[in-house]
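Report on the following structure.
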């Protein structure tokens, strides 16, 4: 089993979610994160004091899938999340040693 | 980074404005001798001020200012997405400054000066003949009725701020701030001041029973601003929504209210402030003020029940946004009739507003697909129009004997309804035409909308360089 | 998903209500001829309205409405968990609509109509004889004291909204909205109106020195609603908390206030609004109003110091929730005596309230384990009862010469304390019995609580389909 | 964990305070016989109360209390970081209690009692001769002008709360709560009360045209508290900022406002409340009140435009914090002159305040590097000083004929400017010296700052054991 | 070393935490997340517009433990987090190559 | 490729970020989390009721780097995030099987 972790833009979430759902992905989990990278932050000014805000709000989307589906999921995310502008984000894939569904105790593929 | 060239251009404009402001005091000063030379009419000195009336009118003025902010600012800012919360608040606060100053400079004079049928004159420019004058032995404060003319200037001056702030709801989250500023200066001068003069100055063409009201079937009844404030802003808002266009992602992305607690707090502040708006429009702390107060209260209450009830029926549960929308609809709708109808009639008027505005904000809007973002048309345009008509139905000499004993509203056999319809039509026409022309010109010169990138980033950051909440 | 059948049932009820509302205006109208026919008593025409008094009473009415919302709505909604924030606000806003209309329809008449010892009559139903009447040549506004009777209706009408909203704190986060609505209609009619009549109508059995007060040792002193508003709601709240039961997870899950900034803002708005509540109860802008105003202010201030002080002593640091609870306790406790005691006595009364309510909300509640979620009993029940008693102690003819020169309160050798205890006991009894019966009946018919799933999801979503904050 | 020893010590102090409070009522009571014995002067009984004036002054008192909270509490708490939001609110709420009680106990007497040139006397201690007295046949309420002396006590009593609350902004997020409490008791007594007496009691050394004003070039004009409220607190705030030192991480860590929506709501509430502050200072609902109201409104409006304009010029976009800062600056600056200058002049004064305070909060502060956290000096110190001076420039007999027909302000050829400068200098000196000494003593005895760990944790948790928002 | 990552219901957190603590688990880290899966979201209505909210608030709990303890931790979580209703969540287990305690620089098991 | 996940104190974020940037780390992602461990929470009191708050706010910082840079990154984080008091946090390192840049589709080291 693999965990595909994608850092994407906020306003791309809806699109990515729908694209994945169309591909038959049954579940996913998202987290509000802030990213630092090539995309520049912005400057805020409060009564003469300027703050450089380096961290940009992003969404982290996690999808656990069987190894064989990783490529399809990757392609789907890339397609749906791309704008071509700096800051589109990254995808990280890692291996899981176990997956369990809490409700039933099912393991592995059955747990998804 | 701000492009220096643009900053510089803006800078020059800003300095020019500042200079003018700083010059005004001197001008005001320079003119005083002239004023002093002109002996105050004895009449001025003799009219006594009633402390109770003045107390009530000052209190009402404070309440009406509270309607724009915190009231409306909270009501509206809760309804937008988080990234635009300050954009909405900034527009409200800035308009308090802008319209506040304009009213003193020329707005009051254009609205209430002289005796023209179509517009005021320059008698009260720069508060001349409004603020104190030197009698030779002491200050003389011009008086209007039982209150100082300064109070008479202040109270409608607070009104002047509200319609521009109301319109903010139509183009929330996408209009360029600088264009908005210029638009409101022009709209206030070219739509609001004439309308205000027509309806509320005794020489205006829409003033009920006024000398020049023959052309409009005798003039219309508008106690506290159904036409002047709500129809004018509600209709102009629709034109804005149509010309400025929908928000990016409208219809596809979810755009739920980001903070309904603000909306609820703002709405209930509007309820409280509206007592000043309507009951203050009696201009005295008399029994008519009490009657208008009661009508206002009951219409708001009935609006809550009606809109919540419609939701309960159509979707199985009432919502706090529904209850708040209903109270505002009820308040809008009772505004023109508050001092002409019985408080019991106000219950029916408020309930009707709740039902009609509910349909305007749901069925009507989704049918035509315009993005009147915060339903300014649906609540103020529709509610104001309904109110003007229902005033013609329910107005009664029992409350306000405007026709010298003759019946007034339709229900008691009077005929004011015709004039109400005429006044409504005129207001719609004026608002549509002037707003349309202004926006077309501004679109061609300054541009109406922020860039796509700025809109996606949100107005807080792109227009003001600030964030609403930093909770990390 | 809403079950269609239920939606339909609710729908029919809602339509019925709407129809009734819409019919009222016509009824009001239809009755006017009758009113017009009945010649206004000359007395009506002669009593002059004092503009200063009317200004003050209208201002006070606005302040009292502000107490329910935004005041109490913020105070309470900050204390619940985030998922119930709108549930609390909705109850406050909806009650403003509901109780607002009911007061005009029948509440005022049952409270202040006629001269029965136990209940008002139908003289003022639908604002008959309250709103304007036609004299044959012009409008006549009935007058009460120095103010229009409409003002006299409005001011206690704002009071009528508060106790139901206060009780919301007892069953926050778990009561079914529809049942709450029905309960409050009945409670307002069957508990509030009789009590209001007994205490504040000169023919009531608890009216101090009233014709029918013999049965209650001469009647009690309650300047602004210690019994009528605070004891009644505080005791009923305890009954609600006991019968409706604890929140799921009470005692095991943490349920800290989700937004104490709202609580602080709401509490300070209550402080400001309470000036209208207490000083407005003088019904004139006279020196007694100023004295009640000062007493109110000082009791709140002393309440802050006392509750914060108790926290400082017992746990080492004062908290903002403590300071806010203290100010509300002080305000509750001074309410019945505000126009009968010296402002200096108010300092002692406020301090006593801070200390006693602190113990009621901490030691007492945790001893008995009831879930009076936002401490309505601890603050309003206990504070109101203490206030009624301390009024009997500190009341003085020096402030309000109610006994024709004879001493009044215990400290100056008077005997009113007995009647204060009787009035308190009667109020406790009425509140307990009626609330108990009503809830038992409603439990059997409509059900008192939402389902477990709905409670866990939170009232915002389950009862109203909305979220309070969407910060993503 | 609170160290028990310390809790115990604090506990004893708290009990002592409580006991004193509880004792006051008895004392008040005990003294009444004496008062009753002393026959009320006939004058007392004859002066009539004007209900309109009293209504206005009670309303104004409520508005001024609203300025401290929710107004200032929201304005300030939005500007700090989230972990200190309750710390700021708590200081405001607690000061409402503390200063509220002190004013009644001795503040009013020290400020307005007797006829000393330098300080009041004990005539009004514990509200003696202020609250009602027994005439032998009924209550007699002492009267001052057209209002009860109780009202005359209440209105400036609300003022008394504001400057301590304003100073909170200078040492936000780091001062020990207990030390703050002791400091404010002393500051109110030793700085505010003398200043108040000098400027506003007709026997004070700074009272314009007063008997003892010879030493100060005839006394200064301060309609609503430019020196007494704003300079005093603004200058003391600077001393606090310097002596207490910067926040940990100041200059290196970002410390942006955590909730500018609160700041905007608070600022606009200040605008509304300030009408009570300035127009209430007329002490009657007369034309002068209307003039001061208009001046207040226009100065705030001009302040919005000026500060926003400066930002637009210097950084390319106006901000909501700028607009709000501008309106407060305008309000501060017009305060001393509101009842002496024309409303048109107020536009210039407000604009000047916007520009000057903008530079004080940006260039000046960053030049000297002090951490006046929420710019109390930059807005109130600078704005108040500017206002005192501009009052000397723009004051005119046309508005307020204080000099018996002679010219007043510089622009009309009068000479009051000298006295304005003297009054400003005296206020600066008093504020600096007393604040400096008090803080040095408190630093040596109680300690001024919380520990580093407590500061990093935030005042909400470390000083009050609470969290502002729990959104999980 | 293993990282056990559990997506659980909000109101189960207290129970799971206590159950783990009883099992001698010394530390854990939680994050607010939103999940999409078989459990349906809800509909929100704002002035006539309906929004389908697909993402349901969940808690992500991360516990790092030695390999030998994984099963015990899994069992504990399953027991404490189960309600039997759709939406109980998942547990994902993955391998860590290194664990360090920042305060001391200790590595591996000692770091926990 | 490795993912370095550090749980650190809130007020250390600025320092850690700057230290990493100086080391040439191009990007990172942060999340608000709450931790439970040796560091005790605090007690909150609301009208007489005391709540023991066990979870302490922390920042989770994730940096993806090539295997060879892990040690340098670890050292940098340890240095910058240390206060020596209980509660400084942990660092967890895990392996990634794939890294993609969404904007360009670049893989592995090039994606960072």
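Labels A, B, C, D, E and F are assigned to the chains in the order they are written; within every chain, residues are numbered from 1.
Just so it is clear, contacts are C-beta pairs under 8 Å (C-beta built on N, C-alpha and C of every residue); 3 or more make two chains touch, one makes a residue touch a chain.
None of the values given here were measured: they were computed from a predicted structure.
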Those chains which touch chain E and also touch chain D
A, B, C, F
Listing by label each chain that touches chain B and chain D gives A, C
CA centroid of chain A to CA centroid of chain C, Å:
52
Per the C-alpha centroid definition, the whole-Å distance linking chain A and chain F comes out as 18
Cα-centroid distance, chain C relative to chain E, in whole angstrom:
46
Could you check chain B for residues that touch two or more other chains and list them?
50-53, 55-56, 59, 254, 256-257, 285, 315, 319, 321, 465-467, 469, 471-472
Touching at least two other chains at once: which residues of chain A meet that condition?
31-32, 44-46, 94-95
Can you name every chain pair that touches?
A-B, A-D, A-E, A-F, B-C, B-D, B-E, C-D, C-E, C-F, D-F, E-F
Chain C residues within the chain E interface of the complex
249, 252-254, 456, 461, 465-467
What residues of chain D sit close enough to touch chain C in their complex?
2-3, 6-7, 10-11, 14-15, 17-18, 21-29, 32, 36, 49-56, 58-59, 61-62, 65-66, 68-70, 73-74, 77, 85-86, 89-90, 92-94, 96-98, 100-101, 104, 126-127, 131-134, 137-139, 141, 143, 147-148, 150-151, 153-154, 157, 177, 262, 285, 463-472
Would you mind writing out the residues of chain C in touch with chain D in their complex?
50-53, 55-56, 59, 63, 81-82, 146, 256-261, 264-265, 267-269, 271-272, 275-276, 279, 284-291, 293-294, 297-298, 300-306, 308-310, 312-321, 323-324, 326-327, 342-345, 347-349, 351-352, 355, 394, 396-401, 405, 411-412, 469, 471
Chain E residues touching chain B in their complex are 44-49, 51, 53
Touching chain F in the complex: which residues of chain A?
2, 6-8, 31-38, 54-55, 58, 60, 70, 74, 77-78, 81-95
